[in-house]
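Both complexes below contain chain A, partnered by chain B and then by chain C.
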Partner chain A sequence: MKVVECKELTKRYGKAKAINNLSFELTENKITGLIGRNGAGKTTLLKMIAGYLHHTSGDIQVFSENPFNNLKVSANSIFIDNGMSFSPSLTLEELLETSGEFYPNWDQRLAKRLFDYFSFNPLQSHVNLSKGMKSTFNMIIGLAARCPLTIFDEPTSGMDAGTRKDFYRALLKDYIAHPRTIILSSHLLSEVEDILEEILLIKNGEKLLHMPIEILKEYSIGISGKATAVSEWTSNKETIFTQSIGVDGSYVVIKNDCSLRDLEIARDIGLEVSSVSAEDVCTYLTSKTKEGIDHVFN
Partner chain B sequence: MSLTDVTTWEITKKQYRYKLKSYFGVFSSLVAIQLLAILFSLNGTGMSGGSSGTFSYDVNYYTGDIIQVLVMIWAFITAIIITTKAYRYDDYSFVTNRLISHYSNILFLFSASILAGIMVFFTGHLFRLITILLKNTDSIMVSELTLLGTLKGITASILYIFLCASIGYFVGILIQLNRLFSFLLPVLFVGALFVDGMNNDPTVFPSIISFFGSENFLFLFILKIIMASALFYILAISFSNRMEVRP
Partner chain C sequence: MWCVGGDVRLILNSDSMKPIYVQVSEWLETEILNENIKCDEKVYSQYQLAEMFNINPATAAKGINILADENVLYKKRGLGMFVATEAREIILRKRKNTKLRSMVKELAKEAIQLNVEEEELLEMIRSLHQQMKGDLK
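Take a look at the complex of A and B:
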């Protein structure tokens, strides 16, 4: 079943396009990572999926319905980000109980155990929590609600390293026990790549890639060696990233579509072929220019 | 994971229960405003006196009207407050849509009006007791209280408060749609008062007041107020249906 389906989706703020002609589908019970740089349109896209924002043109369907202002979508999805606001007159414990009333699949036992594990004070108010603690509390609600569509928008912002690890582990464990569709946005792919099944990479509101994470790991290769040799060998290939190393060295990342024979030639002329991690591929693909930040200083 | 179907009414009830708990601050301000109203009323609203030879008398009037008026203002402001971002966004941390948000707000305002109306009645009596204790009086005359009269009085009080809340809600939504209204509406209101009274013969405002204020037939009165409040809520709902959440 398709949980989220977007066709030529566009969202405009004034004249600027936050989301531009985006088409993709998310199927049931998968963890998808939404990866992009700051300002790529991740939050806008997620808010449209959650039914918070209108789209300007194109089509968006969640559970085969338009999500905006839609009760069915609201009841079956949860959107967790650090802008979630809760009434200051309720204590954290009361907030958990209230969530339990609203979400039919709510697991109070899990919520309570996570709550105790992260040593929250049940009588505290949400507004008095620190940024990291807020994120952690929101994450508990997101996990325990067990919504068929769970959306986390940069859930770990403000969390310390230990809490981040705990969060991803808790997410994975609960997902395995209760499979559901999860969308996780992040700008740090290295942190989440172990738990993702699919990755949706966006840049300036447009889709760059949407593929299983295993395929992304073999998406490109890195070539390093003498600058002249490298540029000659890569002249007819699609380069993703170029960096000069030392005096006359160079490192180029290309799309991994060359034949074995090509690679043999590369080795013969003294070039070094290396694999490129998923994180690096994403960084290179989403960078502003092919030379990266170095370009500014040249 | 299978999808759940929920009905609007089911979620409205849950949102309403959540609001009764989470908008608690509204009720403490209600108590505060009534204490303030008692203080303002202590001076009495009117006084007359006379003398004849060696005999003189003073008559002081004390009424709880100020309490009712201040509570009506409280309802107006409370309704504006619950349309602000901080309150609107709270709803969306749980299951809701725009319509449910409005429905539960209206239910909340109605319950708050009932509570406020009953409190106005009791505060009015508390205030009379306080004046008796504080003021140096020789004789006290009070208007007679029948059960039916009391119930009618409380109903009217509740409905006036609810009407003010509905106006406040409408104004609040207008301001949320465009900040300009927070400046425009007071200007228009005060301006209209001036224009109306320009040739020393105001007609519009007095007739609005007497339309709601001097209806002797209870059923018709209830109908008038319910229709007027419904109009304000319907306008508020239809204006805000395309509003985005946390844009």
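Take a look at the complex of A and C:
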């Protein structure tokens, strides 16, 4: 079943296009990572899916309905980000109990156990929490709600390394026990890639790619060696990133559509072939120029 | 064409960069070789593997499917995946033909680059092989 379906979706803020002609589908019960640089349009897209924002043109369907102001979508989804505000007159413990009343699948036992594990003070107020503790508390709500569509927008911002790890493990364990559609936005792909099934990479509001994460890891390869040899061998291939190393060396990342024979030739003329991590591929694909930040200093 | 699956580790030849599903299937192979999972015994489900390795269940399933395609595992409808009778031989044959062979190729290449003669190289292998055998026992 398709949970989210966007066709030529566009969102403008004034003249600026935050989301531009975006088409994709998310099927049921997968964990999808929404990846993009700062300002790529991740939050705008997620807020449209959650029904918080109108789209400008194109079509967006969540559970086969237009999500904006939609009861079905609201009842079946939850949107977690660090801008969530809660009533200051309630304590954390009261907030946890009240939250349960909004979500039919709410697991109070899980909520309470996570709450205790992360050593929250039941009598404290949400506004007085540190940034990381706020994120952690919001995450507990997002997990315990067990909504068929669960959206986390940069859930780990402000969390320390240990809490991040705990969060991703908790998310995975609860997902295995209670499969549901999860969208997770992040700019730290290396941190989330292992638990993702699919990745949706956007740049300037446009889709760059949408594919299973395992395929992305084989999407490109790195070639290094003498600059002349590298540039000759890569001349008929799609270059994603280039960097010069030392006096006459260079490192080039190309799209991995070469045959085994091609790679053998590369090896034989002394080029080194290496794999490129998913995070690096995404960084190269979303960078402004093919040389990256080095371009500024040249 | 993308170079997918089993070929990748051959091409890339960089252990740490192996795709996770390949690492999962190799881990299962080692469990079978060590007889931690015996013939006709059930192997871990994709969900158990996902939890053990902290990875997406779909990735774990891909690791299991590699072994099913190679007839190391067989499926019992509704019950899960089981170790085939000939699993050990298949794994041993495969590792010899792919992993070991490509390692030897790298070795030969490095030896040539360093001007190490065949006899010297063989002697190195012989003595290390003896030593390792002793250590492993």
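Here, the second predicted complex is superposed on the first by the 298 of 298 C-alpha atoms of A that agree within 3 Å, B and C clash if a C-alpha of one lies under 4 Å from a C-alpha of the other, contacts with A are read in each partner's own complex, and residues count from 1 in each chain.
Criterion: a contact is a pair of C-beta atoms (placed from the backbone, for glycine too) under 8 Å apart; a residue touches a chain by one contact, two chains touch by 3 or more.
These figures come from a predicted structure and were not determined experimentally.
Enquirer: Considering only touches as defined above, state whether A:91 meets chain B (first), chain C (second), both or neither.
Expert: The answer is neither, since A:91 touches no partner chain.
Enquirer: For A:256, decide between first (touching chain B), second (touching chain C), both and neither.
Expert: So A:256 only meets chain C here.
Enquirer: Contacts for A:176 in the overlay, against chain B (first) and chain C (second): which applies, first, second, both or neither?
Expert: Once the two structures are laid over each other on A, A:176 reaches chain C alone.
Enquirer: So in the superposed three-chain picture, is A:204 touching just chain B, just chain C, both, or none of them (first/second/both/neither)?
Expert: In the superposition, A:204 touches no partner, neither chain B nor chain C.
Enquirer: Is A:83 contacted by the first partner chain B, the second partner chain C, both or neither?
Expert: Touch status of A:83: first partner only.
Enquirer: Name, in rising order, each residue of chain B that touches chain A in their complex.
Expert: Where chain B meets chain A, its residues are 1-6, 8, 11, 14, 17-18, 21-25, 86, 89-90, 92-100, 241-242, 244-247.
Enquirer: Over in the complex, which chain A residues touch chain B? Could you list them?
Expert: 29, 47, 51-54, 63, 69-72, 74-76, 83-87, 89-90, 94, 98-99, 101-105, 146-148, 178-181
Enquirer: Of all residues in chain A, which touch chain C in the complex?
Expert: For this pair, the touching residues of chain A are 30-31, 168-169, 172-173, 176, 194-197, 212-215, 217-219, 221, 256-260, 263, 273-275, 277.
Enquirer: Give every residue of chain C touching chain A within the complex, in rising order.
Expert: On the chain C side, the touching residues are 1-4, 7-8, 11-12, 14, 17, 19-21, 47, 50-51, 53-59, 62.
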